[in-house]
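There are structures below to look over.
Each of the next two complexes has chain A plus one more chain, namely chain B in the first and chain C in the second.
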Partner chain A sequence: MKRYDLIVVGAGPSGLSAAIEGAKRGLQVVVFDENEKPGGQLFKQIHKFFGSKEHKAKIRGFVIGEQLLKEASELGVKVVLNATVTGLYMDKELVVKIADTIYHYKGDAILIATGAAENMVTFEGWTLPGVIGAGAAQTMMNLHGVKPGNRILMLGSGNVGLVVSFQLLQCGCEVAALVDAAPRVGGYGVHAAKVARCGVPFYLSHTIVKAEGEECVTGVTIAEVDKKFQFIPGTEKHFDVDTICLAVGLSPMSQLLKIAGCEMEDNPKRGGQVPICNEYGETSIKGIFVAGDVSGVEEASSAMIEGRIAGIAAAQYLGYIGIEELEEKFEENKAALEGLRQGMFAPENRGKLIERTEEGIPVSMNLLTKGYIAEDEIERYPGVTHRAGIHPVMECSQNIPCNPCQDACPRHCIQIGSHITSLPVVDESAQCVGCGLCVAACSGQAIFLVQEDYEPGYGTVTIPYEFLPLPQKGEKGYGLDRSGQRVCEAQVMEVKTAKTFDHTNLLTIRVPVDMVGKARFYRKIF
Partner chain B sequence: MQHINDRAIAPGTFIPEPDDDRIICRCEEVTKGEIRRAVHEGMYTITEIRRYLRTGMGLCQGQTCARLVKGIVAKELGISPAELIPATSRAPMRPVEMKVLAKEEGRHV
Partner chain C sequence: MSRRIAEHPILGVQEKGEKVTFLCDGEILEGYEGEPIAAALRAAGIMKHRYTKKEHTPRGIFCAIGRCTDCVMIVDGKPNIRTCVTPLKQGMKVQTQYGVSPKPFEKQ
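Let's look at the complex of A and B:
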């Protein structure tokens, strides 16, 4: 039996973060992961993360994964892949299956960071090939380079459903509809808006009646539901699709903790069966820690911080550091964690209808039901201004903890202030030079550069563009509005790509001057 | 949350529903109707349902259906899923072939 100071189960964002903090303090650390690739869900996340610098905002998820792996290996952390931990026994003994052999390990401290598994819903035909989880779609696209289907219906409007819908569009799939039984979009409005402006219709208060097909999915019927989630007869809608993608929440994979005998609770707010743990992530069994989704479903940014706290706490538990260092580091990390848990999407606001922003501005109801801010709502937001010359228009309408735009502008045109969830405002005294750094920095792709006086009768709109192949300069196409409807002809004036933009290309289109406030996406004429 | 294990709960008479033939546990091919009927036959806990019908005992070890089965049983008993005694977790947490279990490090079969 091999012994380690700290054994981490799960090489995702929280597990790797904990391993790094432990190894930094002199612990001998091993990380087991049952997958063939490390990083947990991080390597499937190709979008830029939200938050501030300390949360690794505007860095794409898979890059964060690479950074964590590099740091862990430099610190001497051993990451063992294809290693399935099948049991956790008394005195912190682990049984691990590696290839076709069973190994026994003992950890003086254990950290369980096994994450969560996708939930499923059932409907007629749900077992047909072609009904897949959103996570499976991401694995196919982003890890294996396989297109999950040609025409897809997405069920679930939380951040997973929205982000994966956008990735499906990037992958070249057609998203026929985005459906949710809830009456309002669950995820970030900016994620919804970038899907809606590609022309994907949103059906809130709708769910799947049945998946059609004999051998595999060939279609789907949805229908509207009432407040008690019962189908309303006569509201059925049919779509020809070959794939149905389910993004209906996650459940913690906490079985190992239960096997070990940790005290558990059934907590719907945390996603299901979770261990009872203290502020450092220590369970009812001394020396067994948890971090990330397994202790309550949240997101990768918070999982990394929880992992750091638990890793430091494990070092203190084993006597590598004193209680003072733990307390000091805990306060720092707690502040970062609280920063992420603010705003409209804070855990305590889950499921609540928030009608006004912190600034007192009415929230766009169209955004919550259709996925985009309506024409008569957009002017309310402080980021949406009109002026001569080129200037940023920030269609950021919800209080979420995110501020890369503020640091991106070299001229300090954009201000969020010290309160990270505040809506960005334009400093009228600063002069925009049209560099587009803010457009590329916005993780929600909600910033546009607008010039109303480009030439007589025409203005330009610069949009963040993450689709391939890139349009060519001079090419002609259509301007699409926030709902994805064609509203005008558009000509591509410039396509800017730079290393600092990190694959968010800036597409400048020329549109009739009355369309500069409407055109938010571009599509080529075929 | 208090767990309910009251054998006196009477789930009433079994009333067939149109989707009773829908498969819930894919690995063991157990339908919604079978799960509902099991409740009426006296299986009030997830452990009993698992032993009686083998739901969640297949290849995926309940990863897909555990939550669904819980919901169906709770609904049939007229309680919230959180009030049901959760299922026991046992090693091996993932399916392991017997020949692998028998092959321990340092000991060759």
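Let's look at the complex of A and C:
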């Protein structure tokens, strides 16, 4: 039986972060992961992360994964793949299945970072080939380069459902509809808005009646539900689709902790069965730590911080560092974690209807029910202004912890201030030069550059564009409004790509002047 | 229409292994070495991986990460192989699984 100072189970964002912090302090660390490749879900996450610099905001998930792996390997962390941990027993003994052999390991400290598994819902036909998890869609398209289907219906409007819908569009799939039994969109409004403006209809208070097809999915029927989630007869709608994607939440994979005898609780706010742990992530068994989704479903940014805290705590538990260092580092990380847990989507606000922003502005109800901010709602947000010359229009309407736009502007036109969840404000005294750095920096793709006085009768709108083929300068097409409806003819005036934009291309389209406040997406004439 | 993503707006052209051929229920298919068998099948438009023992109903990819076992097939004669996490190799023989057999139910 081989012994390690710290054994980490799960090579995702939290496990790797913990391994890095442990190894930095001299611990001999091994990480086991059942998958063929490390990184957990990070390598499937191709969108730019939210938060601030310390949370790796503006960086795409898979790039963060590469950074973590590089750092871990430089510190001598051993990552063993295709290694399934099947048991965790007394005295921190671990049973690991690697290929066809069972091995025993002993860890002086253990960190369980096994993450979460997707939830499922059942309906008539749910076992048909073509009904897949949203995670499966991400795995197929982003890891293996294969489209999961051609025409897809997404069930679930949380961040996973919204982000995966956008990714499906990015790889060339058609998304027929986004459906959720809940009355309101669960994820970030900005994620919803970028899906809606591509023309995907949202059906809130709707769910799947049945998946159709004999041998595999050929269609789907949805219907409206009442407040008690019962189908309302006569509201059925049919879609021809070949794939149904389920994004209905996650549950912690905490079985190993239960085997080990850690005290557990059933906590719906954390996603299900979770271990009871202290602020460092230590469970009821001394020396067994947890971090990431296994201790409560959140997202990768907070998982990385929890991992760092638990890794440092494990070093202290084993006597590699003193309590002072732990406490000092904990305070730093705690502040970063609290930064992420603020705003409308903070864990304590889960499921609550928030009607006003922190600034006292009414929240867009159209955004929550249709996925986009309505014409008569948009002007109320501080980022939406009118002025002569080119200027940013920030359609950021919810208090989420995110501030890259503030640092992106070299002229300091955009201000969020010290409170990370505040809505961005345009500084009227600063002069925008139209560089577009803010457009590319916004992880929510909610910033546009608008010039109302481009030429007589016409203005321009610069939009973030992450699709292929990239439109060509001079090309003609249509301007789409926030709901994805064609509202005007548009001509591509400029297409800017730059390394600093990190694959977010800036498309400047010329539209009739009365459309500069409406056109938010572009589509070529075929 | 090809299910393969030729070029991705964020990920670019994805690195793949050598092009290989394999057999699926006797039909010669192409795929890339090292990718999951299930990915090669989906790219070829194959949705059904197996039929259940009791109800004889079809199953295909569901979780794609080796957790749900819906996508198991008979690979090189061995049943219950999770095709979503088993790397494809040149000359592999993949068969639809009926219950746990390669034979359709009427022949079992």
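In this text, the second predicted complex is superposed on the first by the 526 of 526 C-alpha atoms of A that agree within 3 Å, B and C clash if a C-alpha of one lies under 4 Å from a C-alpha of the other, contacts with A are read in each partner's own complex, and residues count from 1 in each chain.
Here, contacts are C-beta pairs under 8 Å (C-beta built on N, C-alpha and C of every residue); 3 or more make two chains touch, one makes a residue touch a chain.
Since this is a predicted model, take the numbers as computed values, not measurements.
Student: Could you tell me whether chain B and chain C fit or clash when both sit on chain A in the superposition?
Tutor: After superposition on chain A, chain B vs chain C: fit, no clash.
Student: For A:E34, using the defined touch cut-off, is the partner it touches chain B, chain C, both, or neither? Pick first, second, both or neither.
Tutor: Both: A:E34 reaches chain B and chain C.
Student: Based on the superposed arrangement, let me know which partner A:T127 touches: chain B (first), chain C (second), both, or neither?
Tutor: Both partners, chain B and chain C.
Student: Have a look at where A:G474 lands relative to chain B and chain C in the superposition and call it first, second, both or neither.
Tutor: It touches nothing on chain B or chain C.
Student: Quick check on the superposed pair: does A:G360 touch chain B, chain C, both, or neither? Answer first, second, both or neither.
Tutor: A:G360 sits against neither chain B nor chain C.
Student: For A:K147 in the superposed arrangement: first (chain B), second (chain C), both or neither?
Tutor: Second partner only, chain C.
Student: When the two structures are overlaid on chain A, which partner does A:G234 contact: first (chain B), second (chain C), both, or neither?
Tutor: A:G234 sits against neither chain B nor chain C.
Student: Scan A:Q273 for contacts with chain B and chain C and give back first, second, both or neither.
Tutor: first
Student: Per the contact definition in the header, classify A:A117: touching chain B only (first), chain C only (second), both, or neither.
Tutor: both
Student: Between chain B (first) and chain C (second), which, if any, makes contact with A:L256: first, second, both or neither?
Tutor: First partner only.
Student: Measuring by CA atoms in the overlay, how small does the chain B-chain C distance get, in Å?
Tutor: Distance of closest C-alpha approach: 5 Å.
Student: Using the superposition on chain A as set up above, list the residues of chain A that contact both chain B and chain C.
Tutor: 34, 117, 127
Student: List the residues on chain C that touch chain A in their complex, please.
Tutor: Chain C residues touching chain A: 1, 3-5, 7-11, 14, 16, 35-36, 39, 42-43, 47-49, 57-67, 70, 84-85, 87.
Student: For a test of understanding, state which residues of chain A touch chain B in their complex under the given definition.
Tutor: Residue list for chain A touching chain B: 34, 84-89, 95, 97, 100-104, 117, 119-120, 122, 124, 126-127, 251, 253, 255-256, 258-259, 264-266, 268, 272-273.
Student: Give every residue of chain B touching chain A within the complex, in rising order.
Tutor: By the definition above, chain B touches chain A via 1, 19, 22-24, 26, 32, 63-68, 81-82, 86, 88-94, 96-97, 99-101, 103-105.
Student: For the complex, give me every residue of chain A touching chain C.
Tutor: 34-36, 46, 60, 62, 117-118, 127-133, 135-137, 139-142, 144-148, 150, 170-172, 215-216, 466-468, 503
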